[in-house]
């Protein structure tokens, strides 16, 4: 398995195809816009070799039996799901933000492992063999794989083929003997700058006419004809500055638009091509572990918000017991998404391909919590930390170090600690609650409304009604006719 | 294992010592005040012999290897805890209310199994041997055991020995060679009318001076010098009436005051007597599984509230999709307490005595949810069901069947079903939300404030602070001095 | 103006037509099922003569200039609306529950005062002259008037004329020279037992075909061919018992089903008959002041829940500052519905008839709060008060006074006060949160879903969108076509 | 009264003493860091001359009877408070953010108008005469006045004189015949860049020993020895860029640190100096109207969040009715803070000086809402708007216009409108929810915990308890002794 140094070296050796602010990023490991996310992802390699975290960060390959990164493994048991949830919490604790260049890829591998198995069974394709071969090789090289789901989609009320522009979802434009050519885009993709390869998942809602959109494959990040443009983030210009206005050097997040201008994908890297009836299954196989495990991620955020806000309380000279009720509520919020992730993971079932699939209902319930509770936790963190942290209401690092008035600023920033320490804590809370470190939990892995739809689909109202009828011994059949209003 | 018929017979054979409304209840299985809870508890025996529920309701004895009721078993694994959570949900679904005559007893057995083990280890007592012998016998006879924790306590700001009246908590007044004599009371005890025996737990907060209060033992419900007075419940007088104003015949709940007027307990039934430093441990061992598993119980309530309120919507001629957002929220509430129960159960640890002890933090987080979410679910149920169900706003069964105007009432009660069916549904919702079927989830198994205190005690603020400090590389030590205000 | 003694005498002189539990209530002022609500309504007369409350409870007649009960007045200004909100809070404080036999009547008078004015203007009817004459007389006699809105309705998906049974809403079956004959029912009507007359409002959703349902009139409560059946309430059988299990003697609530078996209404008491296009306006004129002022009522409930739960804390020996955060939240809940009522009342407009009509949007927003916040306040009250109050978990008055074990119960009920006092406080909390004193705030004055519909109808999304477009200078017109799914 | 052009000219003529990023801002009206807030404040002058807003934005001077800006007026009636609440809502609607350079000044004028009146009455000072003269002149010149409350404070557990550094709160260091010299700082002060003068308020918690800290005065913004350093805001570097990544040109917010290095204040501009017992009163007089009226401000934010998120829904091709429940909740949130502001304003009392003082309890209840509800509204706005708006997840303006790949980005950003329009809407939501436009509502005008303390101080628990005791006729006096834990 790679060291973090080898990991960075592997990124340096790749071709440049990532842009931000109109500028080509020559070396992602040193460029201000990307180096922090790479430092964050590097900690995965360090943690894998740290006794404290090794059992969580690594596991045995189900293919070779060798030790591999858990991010490259097949989730085969409740214990694996528990480790997955814990891993996300730890990595957020260590980086202060998202290591999204790995977790979406991890879920994509597992989703397509199961889906290709079913496709091969039903359609006599050879996709499962292809993914197995690719995965074995990837484990051997210990590569970093990000995952890409979201298409631009255009007008949400229309399917891909009904759009005026056929490219609004990624699609095949040519099938060759040796592979396929694709056009379109994937957008808002986390951590591609930190990845060696990108795993492309299909979207959903496809009928036969849309079959050219039902595609899944994996590509090197620097493949020909792929252009990557990084999105902005709140306060991202500070990443270009000196000092602690971006307070964290060892973690960062990026999200990108991937522009496919007729990219050729060799056959052995294609895991779905036209099997539109399996697209939804693939996505379902993706979201179940994703929406379970994200509870760990969100708990990891919350841990830091407790730490940062109580640290600010101490910095202000206040004992944290004054905020006891609020801290308890933050803990409740954290442990709820964490616990629901554990429960969804444990109450799953084994797919014939060997993948352990978490419980649909609990995963989606957790997705709803994940879209609510961290907002509450952020609010409480700002409440405890006071006005200085609420909107980062303090002068810039440059001003604090200005020769004319910097000393005065430091003087007035001090409290129960030095002014600079207090400034750093305030910037950390800003960064965690409205800054460049905020991950997009509301819509990451799909919207809460999508989760609610899944909750409804997976709940049988008649079951509940029968329980009630039995209890009071009602035999009468009560039906409501569907009527036009 | 017993049939429900044998179970009822065992109750009939006991002596009468239970009162309500100043009246001695001669036969608990037929008296209006107690028969419903006994019907509810009887379903436990039926379910144990029903293929659909058998795996949940029964398990192997860790003493004899024989099939026993899960309620009489030692919880030995995460799987046992999952089954426990599921069992509580199922029993609420089947009875519409609490079968509290068994679950507190179940927890007491497990709590004292572990605590006596530790006591014997540390103090060279023989309590564990006693409880083992007693439990083996109880399993053989398949008896029903309720559990009793709560003392009257008197002035909450004072310990038992500081009270003006020494009897405000149950205590030993005489120690004999062959046993002990106790005086005092246990109050608000669920389901004793349905029990063969009662398991007494100690309270907490005892110092050496309070050691006579640190007692645990098990007694036949009809032991000499024990007087039991049932408490009132909302609308409990309806239980004396004919008709469906109490809409459920197959479930009910009772809570009682147990008055110990110098009751003699034989030695082999005493599991703690004076070991005050183990009282808190015993209670902790009780509340961890209890506060985890109650999540299943509360989910079971919620299931019925979904069923009853959507049934009323249909009865009113309205499709439940109109209330889709509300139903989804009820499901989220249910699955949250259920899921957190699963998670707390799974993330436990094995006690040397063989008992699997759930996670302290998640158990207590769940207790807080249990004290909040069902209130929200009840509110939504009343919202969906309309004014008729909100306060049970419809005439009595007697009026609906009055020869003069009963037909008119039925005429005006009908909607998309008969008037009588609609009346029954309304009564069910009333019963579930503000009626005789409402269990006391807020304070059952301890108050939410107690749970919050446990959450604080089990969370290390410094851990969170260290995570934050590491992230932004703060070395400065920030301490707040304790000061008088 | 009447004294409370004269008021009771006026009720005694009426004919008997009210039933409960199959029994005709001979004298509503002494019968257990109705006497408490009459005591509550009597306090209105006492308060009107008490210097502390006189300014709120009385005002000048806009017809004669004489002092009249505010409940019989026309609301003519923001100050009148403020007094209305305060009056509801005071009356709840004084009675512990609803004096619904007056406030719905008060709103009906005002709603029909404005609606008849418009009808006369537009249709050249003489309804306004009729209501004026009737009101002048009613003020002179200082009578008590309840109001009745809700029809049984039957299948909610169908209009009155589409029902299989034409009587599912109250309707005219015969028009005579001297009056009309009506058939049907009004249901869940508050406080008719305490009223001299009943003001009937029309429903809504009527088209021309439904015009026989568009009726409004006022009747003596004991009019011929009207049968009244009281509904049950939680724990209402306790009202038949001795002692404090119903802890309040000076307040109570009743709700009734009114059965109209071809009741003749003389012409000068009819204020709408067939003018279906005014039915909705009448109801809108009703709900605006109602949904504003109910905020005061709900605040009055909350005041008592604060008082009762902190009293229990003291009774338990606990200082209320332990619950400071919870008490603050209860206060916030109370003052929110109160304040929103004030704001809705103040931000109204003057109707040409002289009636001051509160703001539609704020009234309906308050209705939503009224359907949520008291549930939260009840939950907190139960939280503070402990298990004894949560479900009224203590023995009956009869048991507490039993010669055999009553002294023991009193002994164990005592804490930082006598056992009986503590029992009374527990019963008060039970009564306020799940007992016979609970008013139906969720659906009283219409459902929260109805209020949300009104909020949507009274908000112009395009206004908000234009604000946003102006700010970022977007000129592009963005329209979404309505499409079939 | 001034035009917006004259207003800007008045700012241009002032001396430069404001810094940001280590750079002296020569002209606040054109510098990127300050020009947007000045555009926002300019709209106040435009609105004052716009028939649509004139009645809200202007009023009659209580000194001269002339038309003056409402921001320079004495609030003399409930109607003035209603206009104040409406004004804040309108100005937020028009600028998309805070015009804090005026509202804090407005409240300071009113607070000190009343406080100086009381001081003169009690202490025979001449402060009220001074403020009257100054205000008359200010009205005549139609100047813009910001207000400054917050001191750095240092260690919160210590009073000003207990701090190691005596300058941690602003204080007098020299008293001269003709004025005073002050040293220290005021921090997080809104809109000073847009102001002609700054009104300094005292802090609270002062005893006699702290009397040099009890000071209030008004200064020209460019007074000698005052250095102003602007704080950072989320994404404030974008304000230096071209394009729409800061989407709003006509509004902006600034917050500053004011460094007083021995500033001389002439006597006639000093309104408190040493009268420590009036400092708390002054602040109370400030926070009552402030915490009432901020409800209008927060409603104005919410209006834009409804507009921006529904506009994005349309841009995505989705009808807003899909989000109906969510939009209704946003409206409820907005109207709650607005309505509570109205209610607090209306239920006030007249101070002898002529100032109308809003209700303490309702003002502070509203402050708590203001610290909660906008967080909920932001969450919903992000929920509706989708991932693109949640963290501003789209490429920069520069990238969207890049010659190499900008057209591709526009292609993939388009939906039911052009890509650029959609980008602008996403940036607006980012700016409103986590960007440079976010005002600090949580702590602005004091923290929610401070408001809760005020709620407790202004509520008499014994009043509530007496209501409860009367109702159930309890005579027993129940007292809990204060005890050491």
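Lettered A, B, C and D in written order, each chain numbered from 1.
To be clear about the criterion, contacts are C-beta pairs under 8 Å (C-beta built on N, C-alpha and C of every residue); 3 or more make two chains touch, one makes a residue touch a chain.
Predicted model only: the values in this text are computed from it and were never measured.
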Looking at CA centres, what chain is most distant from chain D? B
With touch defined as above, tell me whether chain C and chain D contact each other through largely the same residue numbers, more than half shared, or through different ones. same
Cα centroid separation between chain C and chain D, in whole Å? 40
Between chain A and chain C, what's the gap in Å when you average each chain's C-alpha atoms? 51
Touching at least 2 other chains, the residues of chain D are 157, 317-318, 325, 416, 480
Considering only which chains touch which, how would you classify the arrangement: line, ring, star, complete or other? complete
Residues on chain B engaged by chain D in the complex (per definition of touch): 157, 325, 480-481, 483
Give the list of chain B residues in touch with chain A in this complex. 78, 82, 93, 96, 244, 247-251, 303-304, 306-308, 310-311, 313-315, 317-320, 324-325, 327-328, 331-332, 335-336, 338-344, 346-347, 361-362, 365-366, 368-369, 416-418, 421, 424-425, 427-428, 452, 455-456, 459, 461, 463-469, 471-474, 476, 478-480, 482
Contact residues on chain D for chain A in the complex? 19-22, 150, 152-158, 165, 167-168, 185, 187-188, 227, 229-238, 245, 255, 257, 259, 261, 316-318, 371-372, 375-376, 378-379, 382-383, 386-388, 390-396, 398-399, 402, 404-405, 408-409, 411-416, 430, 434-435, 438-440, 442-444, 447-449
